[in-house]
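I have a structure I would like to understand better, so I am pasting it below and will then ask my questions one at a time.
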Amino acid sequence: MLGTGILNGLAVTAKNFLGSFHDPARLVTVEYPEQHIPVPEAYRNFPFLVSESADDPMGTLRCVSCLTCEKECPPQCIVIVRSKDKKPDATGKAQFYPTVFNIDTSVCMGCQICVEVCPFDSIKMDKVFEITATNRFTELLLNREQLAKSNAYYHQIHPVEAAEVDGRLAAERLAAEEKAKAAAAAKAAAAAAKPAAPAAPAVPAPQTPPPATP
Amino acid sequence: METVEQLRDRLLARFPSAAVAAVTNPGAAAEHSLLLGAAQAREIAEFLRDDPVLRLDYCSNVTGIDWPEKEITDTVKSTVPDPAGGPSKVVETKTVRVEPGYLEAVYFLYSMALKHGPVIVRLRTANRTDAVTLPSLTPVWRSCDFQEREIFDLFGIVFSGHPDLRRLLLWDEFVDHPMRKDYVEPDDYEWEPTAHDEVLVRAKAHQAAVAAAAAAAPVPVVNPTSSAS
Amino acid sequence: MNPSGNSCGSFPAASPFAPVAGPIVRSVTDPFHGDLLEVSMGPQHPSTHGVFRMVATLDGEQIVKLKPVFGYLHRNHEKIAENTSYLASMPYTDRLDYLCSLSTNWAYAFAAEKLLGQPVPDRAQYLRIILAEMTRLVNHSCLVGFLFNDLGTSFTPLLYAFREREKIIDLFESLTGSRMMCNYQRFGGCRVDPTPEWLEAARKLVENFPRFLDEYERMLTGNEIMLARTQGIGRVNAAQAINAGLTGPVLRASGVDYDLRKVDAYGFYGRMDFRVPLGDHGDTYDRYMIRILEMRESVKILAQAFRDLPAGPIMDPKAKQRGHRPKAGEAYGRIEGPKGEIGFHLISDGSPNPYRYRVRPPSLINLTLLEDMCLGHTLADSVVILGSIDIVLGEVDR
Amino acid sequence: MSAVLASEPFLERAPLELRDAVVQLLPAPAQWLGHHLITILAVVLGFSLFFAFTTVAERKLLGRLQNRLGPNRAGVPKFSILPFHLRHKLFGLSQPFADAIKALTKEDIVPAAADKLLHFLAPVVVVAFSLMTFAVLPVGRHLVPVELDAALLYFFAAGCASELALFMAGWSSRNKYSLLAAMRALAQLISYELPLILSVVPIVLVTGTLSTVAIVQSQGVWSFGLLPHWFVFTPWGFAGFIIFLIATLAETNRSPFDLPEAESELVAGHLTEYSGFKYALFFMAEYFGMTALSGLGVTLFLGGWQAPAPFLEFIPSYLWFMGKLVGMLVFFIWIRGTLLRLRIDQLTRLSWQFLVPLALLNVGNAAFWSLTAHWSGPLNLVRWAIALALVVTPFLLLGRTLSAGFAPRTYRYAS
């Protein structure tokens, strides 16, 4: 009969109308500035640079300015200038560091390619999404100081992933230490073979990063 | 389905005067293709569409490709016997030849009726400058309509017999074909102090050039005070 | 001027595929008949689904000529891809069809894997099916919502559809980190492995999805106005549809049994048990219903995929993660995207960047018959027909 | 003050008492003027306020229908001097005032090529005519702005002018979308004025009067002291009411008949080139029209200000009227939240092939009803059966022809 389809439709909308008062599945609105949906751990926004310590972010950047992310960045929004000198990194190995590390967030599309290609776990995705600026050119061009955030912060926003990364880094560090020890032992053995040589000085163990406090 | 070679032979038997060649694809996909001469491409395409064994009724994709002129250095080693009777010398003669460039349109044909494919058909222009006309296959498969227009727009292949050959994506006044490998981007970028210094430098240079041209040109100077009064 | 207002120029007169001629346009000098009205629909128009533009010539409200105009969102995606590495193009493919980035990702990964000769582990194949089918749900539910907006509802069906879409998109976010720009597939597998909790949540969600479809259909499918507005509107017959390269639900609404999931059985679709719904009329109503029925089939595929999902790696251990340099050659990979056949034609010359990177955009090619579908119908129908074709301008203009 | 009025309960006569008290303050020669001015002011202000809250109610109801909240932000401005409990969002109820301020402060853009005079006049005319219709609506037992003998005639004469204003707006804008919308508005006017008036004719036939007051009074009877004798509860009245509803939706350009401003097709139709307060005036006129026609529907079919049962008469009559009016408006909003738009040819077809024949038959049905008014007992049942058959049979037959060829389909699957 003519009109039944329309009446069915009216019934469905009436059901939704009533449902919106008692059924949370039918009222999905989140009143944003007052309410927030918790973002999932995997959420990504713009990249940041991981530093080992919050006190000296520039001195403890993990980045060794290998320029891989700069090359792989799809919209080419990363600019890195590599240092002339080397500084010891977390494992005590002398490495280059970035004197300039800029990310143009007005160009960045948050694709996470830089994070994936980074061999040093030094660039990670941030979760801050309430970003406003009055000038597209100056304020959205983030420099090294603005990008650097501590490992503790990384633990705070990506707990699972950060724990895994730390575990891996610790293992690498251990391997490096053992290698160094082995090298030292070999050296010592070599030195022992040469009776006049003094014992090799022990390599100071690097500071382990502070445990995560989410 | 027939292999490309079988198909080539069948086409040559059907169209004795046509130029048909098989092009091998060295990649892992190993989808080989047929290179058709432009002269009889339309008839061959209709044959491919209507042949009861093939029934390639569906042209999925048309790709335009630019192959610019390549300088190829051929090194020919020849042994020249020493006239003095010593050990013969190996002489390398290097000849530089320019492999002519061409534009290419690649058609991917499938059969929806028989559910097989693809048969890949390539058409090539004679060069990249003045002889860039290819026969349009839009009258055979209408799905080529927008794709051929796009290739005309971005590569500059002129498809003769296309019902409505206009630029598809760029505006009509646009002059170049940006997908060509030798396309030079215009330098009149909007001035944007981004991290891309290269762009910035070019934009500044452009603006300086424009200003210089404006200063050099005998433009009648409008006196603002006189026009205001 | 061509009296039909339609440029069938070089088509053989007897060709069954020639564009249909519009109704005879009466002479403009006819004293009892007014001028034809040329109306520009778009690029800024509520119903052109982005910055699409159609220039419609109207006789009264009847369309006698309609020319689509493209390029307002053109950014030369293909050139960008030719200037970056293979991997760096992956996030750009998200932005082609921004409603179904996961399908487009797969299509690109599929083509690149073909070019590289790269195998994909089983678990990744299943995950790809799961995510692609969820993307299909997202896309089709969006489409039916937008279609009803074009038909003149006050957003109600759209918001119901968005309510459901939102749930799936939230899952995408918790898996891939982004709601729409997922950037998930890689050459040789997937990027992240879903947790068991994620899979359970997704399974439950998909299980409940048919309830939404039932309610949606109850609200609209039998609606008399909906039937009158869509049945018999924008008809395309099978021969024309094939010749014009229509793909996806638009093609199957015309009764052509051509679904790449069955024809190519790419990925592990050969292992899935599902049916391909076919329309008989090729009109707007069929295009709508095919999508509803496809969603129901997708739910079935998803149930099987969740059931059969094997354990194992999600990435081929031998696969390179960056700096891909396929050997010279070419490959064309195509999959059945929600909008139709989305294909990538990659040509490598051995360098780290593709020599040629071509996207076969289903939305653009599905528009080939737009004028033929609209001729003789009214202006109001043209927006509905456009809506039923399902275009995304990111992909049309690239 | 008349003796009839004096015997009424206080709430019933309160508005009139208030008016008279104010009029008494004026010098005697100006009292008649004050009397009328107050009436006009009351109608304009009252219905303007009603309009303001209808908009927010519509947005909130639509929101709930669509599983949203609707506007809930605009409240008391957060002046820090106010005590905390006054700084409230008021559930978004002050939204219309925020909208009004926005509309007033927006730039008024007139296209360069527009016919400036008509472009300006159109919103003025549309509001003026839609306000005029309120004059004859009996809002309460004693609250009739103007008691006209030919009230119905006056109502329709004033009401149909608003569509002409839409045409003025569409034509003067010099915009193709606007022009198309104007043409649609005219087609719609011509098509739906007829079923609208024809649906009212049976009532005139049965009551024998064109006066809205008399029509309401004739419905003030109850069977068994419980069942009201509203015309909607008779077969012909019910059919007439449905036709009236559909025609009202069309006349006021409400969904599913909102073709003139079909936003998915014509951007905003005749409103495309309007901005700021002129736009708001059109919006206002649309709601005034809807309210007036709903008020007429209430008056003619739903017993006007009559209470549904005698024991409920302690509630003042104007509240009953307003309650019924709100009910009608909620129904319209519900319809808008559910249905999709017709096409222009379907719209006219629905009118000429379905509503007009049905309305004509309905006139005959009413004639039968009034001729058989003396039938009682078992004959009364026969009378009801015949009248019902006269409604249902043509509806089914015409409905079948109207929906011929349209049906849900079954689909096959590829083997």
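Each chain gets a letter, A, B, C and D, in the order it is written, and its residues are counted from 1.
Going forward, a contact is a pair of C-beta atoms (placed from the backbone, for glycine too) under 8 Å apart; a residue touches a chain by one contact, two chains touch by 3 or more.
Keep in mind it's a predicted model, so treat the numbers as computed, not measured.
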Most central chain, judged by mean C-alpha position against the global CA mean: C
A-C or C-D, whichever has more C-beta pairs in contact: C-D
Distance-maximising chain from chain A - centres being C-alpha averages: D
Approximate Å spacing (C-alpha centroids) for the pair chain B, chain D: 65
Rounded Å distance between chain A and chain C, as computed from the means of their C-alpha atoms: 35
Mean-CA-position distance for chain D and chain C (Å): 43
Geometric centre distance via CA averages, chain C-chain B, whole Å: 27
Sites on chain B at which at least two other chains make contact: none
Shared interface positions of chain A, touching two or more other chains: 2-3, 6, 9, 12-13, 16, 26, 28
Contacts with 2+ other chains: residues of chain C: 156, 160, 163, 219-227
Of chain C, residues touching chain D in the complex: 37-39, 45-47, 58, 61, 148-156, 159-160, 163, 219-229, 231-232, 257, 259, 262, 275-281, 285-286, 289-290, 293, 378-381, 383
Partner chain C, residues of chain A touching it in the complex: 2-6, 8-9, 11-13, 15-16, 26, 28, 39-44, 68, 71-74, 109-113, 116-117, 125
Touching residues (chain side chain D, partner chain A) in the complex: 61, 64-69, 72, 334-335, 337-339, 395-396, 399-400, 402-403
Of all residues in chain D, those that touch chain C in their complex: 62, 65-68, 176-177, 179-180, 255-256, 258-259, 262-267, 336-346, 403, 405-409, 411-414
Touch list for chain B against partner chain C, complex: 25-31, 57-61, 63-65, 106, 108, 112-113, 115, 118, 120, 136, 138-139, 141-147, 154, 161-164, 167-171, 178-179
